[in-house]
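Here the structure comes first, spelled out in structure tokens, and everything after it is commentary.
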Amino acid sequence: MNEPDLSVSLGRLRLKNPVMPASGTFNFGKEYAEYFDLNQMGAVVNKSVMLQPRQGNAPPRIVETPCGMLSSIGLPSQGIEEFLTVQLPFMRALECAAIVSVSGTSAEEFGELVSVLDRAGGVDALELNLSCPNFVDKVIFATDCGLMAEVLQECRRRTSLPLIAKLSPNVTDIVQMARLAEKHGADMLCAVNTFTGMAIDVRTRRPVLGTVTGGLSGPAIKPIVLRMVWQITQAVGLPVIACGGISNGTDAVEFLLAGAAAVQVGTANFINPLAIPETIAGIRQYMLDSGPHSVTEIIGAAWRRSAAGR
Amino acid sequence: MFLHCFWAMLITGTILDLRPAGPEYFVLRAHAPQVVQHAAPGQFVMLQGWGEQDPLLRRPFDFHRLDREAGAFEVLFKVKGHGTAMISRLRPGDPLSVLGPLGRPIPFHEAPKAVGLIGRGSGVSPMFTIAEEVRRRGGRSYALVSARSPDRLLCVDELRPFCQAVWTFTDDAGGGAALRQALETLVRDEALDAVFTCGSNRLASLVAQLGQEGHFAGYAFMDAPMACGVGTCKGCVCRVRRDGAGYRYALACLEGPVFPLSEVLIE
Amino acid sequence: MNEPDLSVSLGRLRLKNPVMPASGTFNFGKEYAEYFDLNQMGAVVNKSVMLQPRQGNAPPRIVETPCGMLSSIGLPSQGIEEFLTVQLPFMRALECAAIVSVSGTSAEEFGELVSVLDRAGGVDALELNLSCPNFVDKVIFATDCGLMAEVLQECRRRTSLPLIAKLSPNVTDIVQMARLAEKHGADMLCAVNTFTGMAIDVRTRRPVLGTVTGGLSGPAIKPIVLRMVWQITQAVGLPVIACGGISNGTDAVEFLLAGAAAVQVGTANFINPLAIPETIAGIRQYMLDSGPHSVTEIIGAAWRRSAAGR
Amino acid sequence: MFLHCFWAMLITGTILDLRPAGPEYFVLRAHAPQVVQHAAPGQFVMLQGWGEQDPLLRRPFDFHRLDREAGAFEVLFKVKGHGTAMISRLRPGDPLSVLGPLGRPIPFHEAPKAVGLIGRGSGVSPMFTIAEEVRRRGGRSYALVSARSPDRLLCVDELRPFCQAVWTFTDDAGGGAALRQALETLVRDEALDAVFTCGSNRLASLVAQLGQEGHFAGYAFMDAPMACGVGTCKGCVCRVRRDGAGYRYALACLEGPVFPLSEVLIE
């Protein structure tokens, strides 16, 4: 059996395999370098960087839920200056694509970050975190057509780097948001960020999280995210990076079959620091076992075949 | 900046023993030589004893005993919810996924003279490794063990061989005031270098207060919900006084779990 | 300790306790009569009845997911005629409120069902299933303001029975939908139906469910639903019946604290036929352990206290 | 309308024994007298052997053996995924949540003369209780056991005492054609009343076809994903021919799991 070809192209961005960490679950890679060779990854993605240093939200910041977790970290950040001197060089030195996730509280702030990173060099793509549910005012850009368009336009104006719009699942019509992102200049989509949820402590009779609500992630959300990826990839031409509950090779293959061009492993890293290399190995094994030489052949196979009629 | 300990690893250990240690309390002994080899007092492990996704997250536990010769460690834990209940049902021979050692080792003086150890409930657990280390360095430990009721005074007899003295306090016997008095006497008479406390915010506040007045360094084991244990989720924050004014958030899994009481805010 | 008072009032509807089955997870009660005394329940709720007999969707209809399940049953129904002669008399004979769930494919069909049931007598409330995600054309009334308003108006016109609008969680703004239901005559809200999701079989490379997508239910969705109930009850005056992942007394108390006036136990019935009586017992025990004499005192306590400042 | 069996109950049984029965196959024996008391061949149980929410749903299994004296039942199962893996790790003494007996008992002739039993893989499991029942009623059973490979021919020796004859067929030895031939011979020579088949759609189709030509009643154990097991989720449907034309959906957990092959559509 020939060694399968795991490489994928996301527009201009070519990755040696379709697996990367989800922003905010991997810091910028340093911690997991102890557990596996980071150069194995298709790309590295940092925790969303903000323009200014920030402390993040008051604790408690996390709580476990059935097959998932709620988090309300609130984007603590070292700020872009430290990012450029400490984190970015580390990411750039890895033998994989460097995707920089940025987050802002306004279109202006997003735009400034994009400009700075455009000039910084060595950035292969920018992921715009339009979907954090844990800002103090709880505004999620990617649930509001106007806000999302504004941010995207501002960012597009400032760079020719590939822009990834990270969508929010907290919407009625994910396809509409995907189309909007396409229209306003996104080169790729990341689907999706966390679902807004909460937990209450029946003993104290108070919400558990310091900020009341938080973002639900982990295996619990996987079936909903899979449906969204299935819908988006059939409706919109942009490459989609899937994110939501992906914990192993089988999960990743499900998302590739649903149409995703790449996948992000998030919460799973916390439980298993080897989740990313195991996911890569799992995809490879799937291809060895079941045929196709190139991973691109399975992307969207679940609907491409279904379109052809069962 | 602090130094991150680069010896953490993920291994599949084996349960050697699991014995009840009181009502709802258990001591688990596991073989995990690679982890034990690099572990030091004050550090912890994230355990997963099930192959499933519910419960999803690993559970953090302090090292109770470190047996380097046998390549084994022990944790002393209370059955609180889902995860600890599952761990309590494991049996010798079962595999146990171990992530560790995590967190910062306690920064010991070269030669500590006298150290106070205050543990409440399962908070007595990490005092054993500290007492051992203090003795190794030629110092003396004095343990004050607190609990709701006498049957919750855990492993006291096991602690005695490592300590100069062990006192116990229970709530029903007016333990709070008595413990304070005992600690004050200790501080006065024994010129303690340091006092460590685990398992009670009330006791941590007491130590913080006496530490300000006296001349010892107080330390508390901080308890924060943790997802990753390694610094990536940013979930496990404690408030720590900042040089200027106000506070900053410190990650308990990286800067802690043991914090100087002169810095950390007990809430 | 006095026996706690579990009774709740949902507008005109008084229940001896706040626990009832979720539509479609309990048939109309018959099967579970073997396992416990149905008269214990606050209310009984039937599987949504349709006007005409229907077969439902092609199998496979269900698939398990992490801490949840996807279902696409497609509302098989005996039709309203058999319902009136077989199921309704059974429900009516129970010593608890009879809530009849109806579902239609058009406002007209909903209206007709409402008229028939209004005349039938012995119905304490009507629950309008505006949120089934598994019709062949996949239209969910409660995700479209226009459609939902139309159905509600039609139903309101036809009856003075209490109307419960069952909302869909597949929306950007659940409060908006709740307000809309209030405006168009709903007396109560049921929050919520299932989340649209899917699963793919990596072996066959095909969607698992016969209808591709299905509805996600079970503990996995609980944190999101809790957030929705928390939001709705603070914004809208109508009593809210919570539904989503509730499996035991602690879950139920969480929802009551979040503001729900009653709770429905759904998927949990499948795993544990005693889930409903155990939930009732769990609420009772919580009240014995922690104080309030009447369950109404804990409804919304998590935000009533929070509004008062922490 | 069919009659719903009103003896189902939910109890916590106890694992008596769990033994390997082949590669990936196990036989579980559990004490659950209230369930066993009312159970009959063709019925099944929904088991849950874990306290957690992952896996969420119970798992359905046919009765392999019913030991009324001991108040025990056995199921023969294959480790397929998550749930069966968890069940295979249980140990004697562990509690087991049992919902059952569920489904419709097989409607036996008063005095069956001769019955064919065809099982593939773990589909051999429910044939034991049928063979026992047939013998109790004075009839004879002929078993045809099929599997991918010889090591997957399960419990064949245990089956012999209940049967007039037992034949085995494996794929590597051209089992498909040989089984067909053996069944045709049986039908011709033994005037079978009924043939039961479990574990293979291919074999069910074969029996359906021969049943149409011959004069026996064919039955298949249908395998549908189940959530509730009691008729409330409406998830477990099979297509069944309708009197007029076309088909209707029947719930496998209520009308089945054993269906006449003259009615059910094998897909």
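In this document, chain identifiers A, B, C and D correspond to the written order of the chains, with residue numbering beginning at 1 in each.
By our rule, a contact is a pair of C-beta atoms (placed from the backbone, for glycine too) under 8 Å apart; a residue touches a chain by one contact, two chains touch by 3 or more.
All figures in this text were calculated on a predicted structure; none of them were measured in a lab.
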Farthest chain (mean CA position) relative to chain D: B
Distance between chain centroids, defined by C-alpha means - chain A, chain D (Å): 46
For chain A paired with chain B, centre-to-centre distance based on mean C-alpha positions, whole Å: 36
Separation of mean Cα positions, chain D and chain B [Å, integer]: 54
Sites on chain D at which at least two other chains make contact: 53-55
Touching two or more other chains - residue numbers and ranges from chain A: 65-68, 218-219
Topology of the chain contact graph, where touching chains are joined (line, ring, star, complete, other): complete
In the complex, chain A residues that touch chain D: 66-67, 219
Touching residues (chain side chain B, partner chain C) in the complex: 53-54
Chain C-facing residues of chain A, complex: 65-68, 70, 143, 170-172, 195-200, 202-203, 205-207, 212-213, 216, 218-224, 226-227, 230, 245, 250, 253-254, 257-258, 286, 290, 298, 301-302, 305-306, 310
Of chain D, residues touching chain B in the complex: 50-55, 82, 85-86, 91
Interface residues, chain B side, partner chain A - complex: 4, 6, 8-10, 48, 53-58, 99, 224-239, 248-249
